[in-house]
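Have a look at the structure below, then the notes.
Lettered A, B, C and D in written order, each chain numbered from 1.
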Amino acid sequence: MNNKTFASDNYAGVHAEIMAALINANKQHVPSYGEDEYTRQAIAKFKNLFGTDTEVFFVYNGTGANVLGLSAIMHSFNAVICSELAHINVDESTAPEKFTGGKLITVPQHEGKITASQIEERIQRIGDQHHPQARVISISQTTEYATVYSIDEIKDISAIAKKHNLFLHMDGSRITNAAAYLQQDFRAMTVDAGVDVLSFGGTKNGMMFGEAVLFFNPSLAKHVKFIRKQAMQLHSKMRFIGAQFDALLTGDLWLRNALHANSMARLLYDEMSTIPAITITQPVQANGVFAIIPKQVIEKLQQSYFFYVWNEKKSEVRLMCSFDTTEEEIKAFVRLLKQLI
Amino acid sequence: MNNKTFASDNYAGVHAEIMAALINANKQHVPSYGEDEYTRQAIAKFKNLFGTDTEVFFVYNGTGANVLGLSAIMHSFNAVICSELAHINVDESTAPEKFTGGKLITVPQHEGKITASQIEERIQRIGDQHHPQARVISISQTTEYATVYSIDEIKDISAIAKKHNLFLHMDGSRITNAAAYLQQDFRAMTVDAGVDVLSFGGTKNGMMFGEAVLFFNPSLAKHVKFIRKQAMQLHSKMRFIGAQFDALLTGDLWLRNALHANSMARLLYDEMSTIPAITITQPVQANGVFAIIPKQVIEKLQQSYFFYVWNEKKSEVRLMCSFDTTEEEIKAFVRLLKQLI
Amino acid sequence: MNNKTFASDNYAGVHAEIMAALINANKQHVPSYGEDEYTRQAIAKFKNLFGTDTEVFFVYNGTGANVLGLSAIMHSFNAVICSELAHINVDESTAPEKFTGGKLITVPQHEGKITASQIEERIQRIGDQHHPQARVISISQTTEYATVYSIDEIKDISAIAKKHNLFLHMDGSRITNAAAYLQQDFRAMTVDAGVDVLSFGGTKNGMMFGEAVLFFNPSLAKHVKFIRKQAMQLHSKMRFIGAQFDALLTGDLWLRNALHANSMARLLYDEMSTIPAITITQPVQANGVFAIIPKQVIEKLQQSYFFYVWNEKKSEVRLMCSFDTTEEEIKAFVRLLKQLI
Amino acid sequence: MNNKTFASDNYAGVHAEIMAALINANKQHVPSYGEDEYTRQAIAKFKNLFGTDTEVFFVYNGTGANVLGLSAIMHSFNAVICSELAHINVDESTAPEKFTGGKLITVPQHEGKITASQIEERIQRIGDQHHPQARVISISQTTEYATVYSIDEIKDISAIAKKHNLFLHMDGSRITNAAAYLQQDFRAMTVDAGVDVLSFGGTKNGMMFGEAVLFFNPSLAKHVKFIRKQAMQLHSKMRFIGAQFDALLTGDLWLRNALHANSMARLLYDEMSTIPAITITQPVQANGVFAIIPKQVIEKLQQSYFFYVWNEKKSEVRLMCSFDTTEEEIKAFVRLLKQLI
């Protein structure tokens, strides 16, 4: 089995600069629960990137980030409209339902995305006590198919949100990969595009643990510190999340990592798209490639490489690249793939 | 302000051997969510210490550990009997109620402990659909007053649990300090004493993040993997929890750390108990000293040292020692204290 | 406005025999919470109809019945597969999610029904901790389109349930109308067809309030009395639910009422289907008629009769008949309808 | 066994005027879910009694009323301070915790009551994310010991609530008995005394089913219709709750019933207090008498009369009177009691 995989960006380890920051933060005693300088500095950097009105809360993982963000902006009689493939819908157990008490209403996706008009159709029976009351739209950036919403697409969706008095939540567990693809700063693709709450992913971009939840309207964040604790997402030795985010936001490490992962996926795409037996099923925009590969080839490939079969029926696989994927690894993988075909 | 504090063992950083293990685990890609060798090895070490029937689940923090453990062994119509001072009762927001759906029934404590007979009195109206049905007894080891239940005391409580068909949960966020004090192996003070589920703390004993939930009867653990994910406590890059616990359980690091912290508290006690203006309020058994100090002295002390006033009214403070507290620090603190008095 | 409506069978009042039973039960003092003779007798009649192994719990309303039934047979990390139009999905606020903690997974319906093969497709990733674990299939009998599952259709679905170790829940808020249509006894269409838990509706068939939840496997009912109380569904003066059900199950009142309501819908269908401007959209099997009526006609009709527009876009209305609908009312309604067209 | 009991006021049936109102309301079709004239009229009468700003919601039972009221005014990270004997604490399973997600913090009672100063002591660590945040004070009127808070006592408590920005909830499942005792109108003892939310009991005062939740500040009621449905407390044939409350509030039926029940308890007290072997344990103010009776006498009495042993250890019984208790019944009971002693 190879040392590198295409299974997920969370099979990767920790980026050297992040690890250095952890080591550096491991000095003396500092206050716990976020009252430390590392955390303050990381939050300041987030505010610098997203605007001074941004309220920032660090949590442990992506599910925690999404559930905290949603809990803060909805009542338990509310519903969240999202893609049928949304991570919150299919990969977070029933944490969103259990913790918010509300419902997820799903919309079919195309290339991982849902559209403003699809969403608007599901905003129904507002004011009717019998019906779950739509209150939040949640989109994933990048999507579960590693595609990227354009800023215009986001604005179309946020316009619907505003029109119907809903909030727009963005699951940005791979927001850095989206930013790298769009070549836009974070503000333009989030707060300025109408996003209200953002899960900002760290773990998949080279951190050991830790995500951030960003509220662009401070009034939405009023109770969040209590909800975070109640949601079991408050870390005691918070400096070690703060220090990682500080490093990630220093010298554009987040961008370097994301650009690299994206370019490796692009290379993988370039190499694979020339193989006639293979069909690339989704636009390759961020750090993943989805492709139909003959079943018997998949089985043999998996003897050498970890990766996931995304859709058993269609024989579709998902190949994810990460900050530490190398050109040589891509080439070796493609060599084996060609050989097997 | 001094670099070291007596605020909490989570103001401390990460022990060097733990940090080394994190660095060492940061190689190549490994499967996520616990399917890695680091996690397997750490679990094997836990089974070695607690018995092969033990089921081990890593989570992020102490609240997560307690709530996961309780959720696994109760229905939402059940109640947990615990000390009025129990961490689950006063320091975990309403996470236990929110996530389990059940009630905490509290018992007054003495020196941090509750007794079998106090508990038995609160096991009421079993079978009565109107009344919250007691199902779990939860005790903290060490207690919130840094005192330690003797094995006999635990056995008395577990006998009541068994008699009434309840489970015994132990919040062991500082179980290592208790073991160091009791000079007993873990089995004797947990599974052999009748404990069903244990929160085993890592963070307060030198880890960066991560706790373990141990189930001594595998049938209780049947659904735990689903509950852990739903409780937002499943880490993707699990190897970094696994590697830390592996290090903690290697060469008795846990014991060295705990013995050291306990001995520093003992030293602090020895020094403070000679000061006439100070009253030590609790037996000093593990790594904390509780003392009544004149209010004006507290204020001045806090200009140099972080520590918490435990009980404002009684002018009682809590002084916690950690794995990295030094004799010099104790002595300097006491010098200042004497000076101020 | 007319005194009778086609809005819903819960616009109707209480059947005279039910009212007589209420008056009759209003004597002296009897024990509360179900320890009375009226309740015992009603339960005995249910056992007579459904089998002696049946466990019967009375609750207040349909949502309470469904949520209690589901809560008893699933964990909070589980999912319920149901029709996109299921009452539990669109008409019970988020009570199912809030109270069970789990997710509803929806399947598109045809004529109100979902099929075994559609359901089987949604039973995915069993054992995968990240994914909501399908545990229950819920079907409505009659459906929300007032159509009726055949016994063979139910058996097909229960076979899938058994194959995958799921439970089959039936929302029978109008089960009597289904039984009247199928001309089958209750056992054949529920327990013998593989149903595990049934919400048996009373209110829509002439009762003032009250529904029953029936568990056909007593082991599933073990904790239900506690869950019912916790779900705020335990009535103190239970005799008044018991007496109503006793009356409903006496002299086949339930069947008389259901046959009548069904036959009125059939008459309505017969009359309406001859009007060329009207399209009947669903098979008319129980006590409802769904029809597309020109929008301007609907508006005028609603000045004289209460009924609901089911689908604004399609100009589809729902016309429900109840135990007290009369032929004359149907004819007067159709006369006006023809006049307006 | 006698036809009348002293077990509970919910062993009684339905008052004749209430039953007449039910029969009277059973005409024609009316809109469901509260859009009917009976409900409108009952609400108007409540507004007349409590003030036009009062928002009124009908629910099924007392637990539903309390849980709905609490849910509307707290977040899940909040706590409710109440008596250790509060119905919400010991007689509603874990419905309050399950549905609100929050905690109950209990205060020892004296004669069923808790005091402003006791309550204030439990309002702790406000703003501290680790600690359940006190948000509601809940008192029972009458108390579980059938005693009655004076208006001054309520004002003292509401002053503490206001001082700390908490809400005051009143569990008035027997509020009519309290009003009859205090000889005060409802406004004076609720909204004018600082109560924010009131559960107004109907069932224990002669109704068949149904309670009301009253919000004295309309802004608190904003989401209540959604929460009521989600809490499974929305009745479809609402007219039958409306008509009952309309009758209860007509011609002071509520007061006649309550005065009668109270006077019967007073008579029982007068008769029992002359028996030397018996100790009356609580002030007799409303419709219940608590008394210590020799254990062997209790057993024999229970062969003829239903009533509850309140405290097994103390041999204390609870004797409740209801709207239909008669002087003859009291006298017969006391005769037997004296005979047995």
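In the analysis below, a contact is a pair of C-beta atoms (placed from the backbone, for glycine too) under 8 Å apart; a residue touches a chain by one contact, two chains touch by 3 or more.
Since the structure is predicted, the reported quantities are computational estimates derived from the model, not experimental observations.
K.L.:
Identify which chain pair among A-C, B-C or A-B reproduces the interface of C-D, meaning that over half of its contact pairs, matched by residue number, are the same.
P.N.:
Looking at which residue pairs coincide with C-D, the repeat is A-B.
K.L.:
Taking each chain's centre as the mean of its CA atoms, which one is farthest from the centre of chain A?
P.N.:
D
K.L.:
Would you kindly tell me how far, in whole Å, the mean C-alpha position of chain B lies from that of chain A?
P.N.:
Centre separation, chain A to chain B: 33 Å.
K.L.:
Between chain A and chain D, what's the gap in Å when you average each chain's C-alpha atoms?
P.N.:
For chain A versus chain D, the centre distance works out to 50 Å.
K.L.:
Rounded to a whole Å, what is the gap between the Cα centroids of chain B and chain D?
P.N.:
The computed centroid separation for chain B versus chain D comes out at 42 Å.
K.L.:
Going by the contact rule already set, what residues in chain B reach two or more other chains?
P.N.:
76-77, 92-94, 98, 101, 129-130, 133, 226, 229-230, 234
K.L.:
Taking the complex as given, what residues does chain B use to touch chain A?
P.N.:
For chain B paired with chain A, touching residues are 3-5, 7-8, 10-14, 19, 22-23, 25-32, 60-64, 67, 92-95, 98-99, 203-204, 208-209, 226, 229-237, 240, 306, 322, 324.
K.L.:
What part of chain A is in contact with chain D in the complex they form?
P.N.:
Touching chain D from chain A are residues 33, 75-77, 101, 129-130, 133, 223, 225-230, 234.
K.L.:
Which bits of chain D are touching chain B when the two form their complex?
P.N.:
Spelled out, the residues of chain D in touch with chain B are 76-79, 90-94, 97-98, 101-104, 106, 129-133.
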